[in-house]
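Next come two complexes built around chain A: one with chain B, the other with chain C.
This part shows the complex of A and B:
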């Protein structure tokens, strides 16, 4: 008697037809863990320790970050700004999809904190970052000069 | 524009098609379509999937034009001049007719015989004993037969 009860239970617990579930997005939003891809000191230490930085703010009208967006991170108890260079999310036709959410640390003026980026960087970043540049303000294209490989 | 190749099937990817993916270790993969991408993600080995270029290459399908490989290489025989004889000499010797050779040989034998006779005659004159003359003649006859053959190969 008890056995047949258990067999019936799963069906009763199937609530799927009641409401809508959305697929798992790989968005970059607040509290997403990111992977630092440059060779800056803080970045290397954080990744080595196994405490990847968390995003605490996305500088975007929508709270979702994609390639080229600036982001505020919490690394090792500090707040640092960074630019997203690779996303796990499904991309439109032009840009490649990465297996990890990659990020490059940057200061307020857009100058990167590291000196080299070993991971491939999407070509579309060039056009995206050019538009973000503020004359005599932040220059975000310096980050592209560090890249060793493009995709 | 650059026409890439699909990382899975080996087909050409024209601009406007395909999807690229970058793995955590930095390796880039371009796929022609969702079929190739899914096959790759399912970890299907392209060398076992019949329609891919890798499979066809491995099993040597449709490559009849490349039978040129069967042509074996043959080494060329090359005539060379040696210190003892120049090229012309070697060729002349090789091309000698057998009659000519025979005649040469007989000439050489005759010459050797004459020489030997002359030597024997000189020795006879020098040697005083008559008794030695008879056995010497016999010995000399035997020796004539064993004169070396001059004139090269038959």
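This part shows the complex of A and C:
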């Protein structure tokens, strides 16, 4: 008897749930799942278990992260900072667009936690490093020194 | 005219969606000032100075796409490593295909075709990864993809949603293309210069520069 009651409920609660009001952006915002790309212990274990880290804060005036932004991740119950290294979003000319949102774990000073990055890294990081003056942002010198291949 | 001026400086070769290109662009902050990217052209668009193309390659098991504007002064060299066409006009489905179809070695050698031959059409049928996909490929008429293997309801819905009258829309075609008479006018203005450029390029290719002999030992 209870089952038939549920079926006859009017569709008042379900109005407007069948469409989206905005297109699908591939932005990196809070709660996006990211792919750790270096060989740090936590990163490897998180990716192997199938529980990719989620972003919980973007260090940016807008809440949207792009290549080169620092980001707070929640990995295996810990909070770690990381730098975004590749985005799925459409990029301006000459900036590469990757097939997955890549991220490199970093500690508070900017030193990467891993020892190798096995994915190509955009050259624009070098340009941002030279041209951006913000001290609070990220220090990518060590990150760039660690990278083996650039796109 | 600006496009002609740019082409006077740089040779932008003829290529199609599906040909493998190597693009060298200048980057002031790179150690060698030049960045070279090799990949297959998946899309070409825009018109005039805004013309662009997108190149895709899979490097270290990571798919990378680069968006290049054809007439940008930052681009130093465009080489066609393999000139060919595919069965489709846009190869965006390569993003959902197995990575082996988009991998091209970064140090590929250019393959030469005999002079004046027709452009080869590659009839390859690409296999897609299992769903979810980035787009509804069953709703677009793609010829370069293997059988998608979806349940029947997808195809029925695609048939219900399809707009077969769009290919008969004359006004849309007119808006997107340049009519034949104007094309002939434009080409007449530009043809003599282009022909001269081609001829000078051919001569420069064969010309051997004089290298001053250096003393050995």
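Rule of thumb we're sticking to: the second predicted complex is superposed on the first by the 120 of 151 C-alpha atoms of A that agree within 3 Å, B and C clash if a C-alpha of one lies under 4 Å from a C-alpha of the other, contacts with A are read in each partner's own complex, and residues count from 1 in each chain.
One rule holds for everything that comes next: a contact is a pair of C-beta atoms (placed from the backbone, for glycine too) under 8 Å apart; a residue touches a chain by one contact, two chains touch by 3 or more.
If you're wondering where the values come from, they're calculated on a predicted model, not measured in any experiment.
J.: So, A:20: does it touch chain B (first), chain C (second), both, or neither?
T.: Neither partner.
J.: Name the contact category of A:151: first (chain B only), second (chain C only), both, or neither.
T.: Both: A:151 reaches chain B and chain C.
J.: Kindly classify A:61 by the partners it touches after superposition: chain B alone (first), chain C alone (second), both, or neither?
T.: Neither partner.
J.: By the touch definition at the top of the document, which applies to A:119: first (chain B), second (chain C), both, or neither?
T.: both
J.: So, A:86: does it touch chain B (first), chain C (second), both, or neither?
T.: In the superposed model, A:86 contacts both chain B and chain C.
J.: Is A:130 contacted by the first partner chain B, the second partner chain C, both or neither?
T.: The second partner, chain C, only.
J.: Between chain B and chain C, which makes contact with more of the residues in chain A?
T.: If we count touched residues of chain A for both partners, the winner is C.
J.: If I apply the document's touch criterion, which positions on chain A are contacted by chain B in one structure and by chain C in the other?
T.: Touching chain B and chain C on chain A: residues 86, 93, 96-100, 118-120, 149, 151.
J.: Note which residues of chain C are touching chain A in the complex, please.
T.: Touching chain A from chain C are residues 25, 27-30, 35, 37, 52, 59-69, 72, 74, 95.
J.: Within their complex, state which residues of chain B touch chain A.
T.: Its residues touching chain A are 16, 19-24, 26, 28.
J.: Okay, in this complex, where on chain A does chain C touch?
T.: 86, 90-100, 102, 118-120, 123, 126-127, 129-130, 149-151
J.: Spell out the residues on chain A that touch chain B in their complex, using ranges where they run on.
T.: 86, 93, 96-100, 118-120, 149, 151
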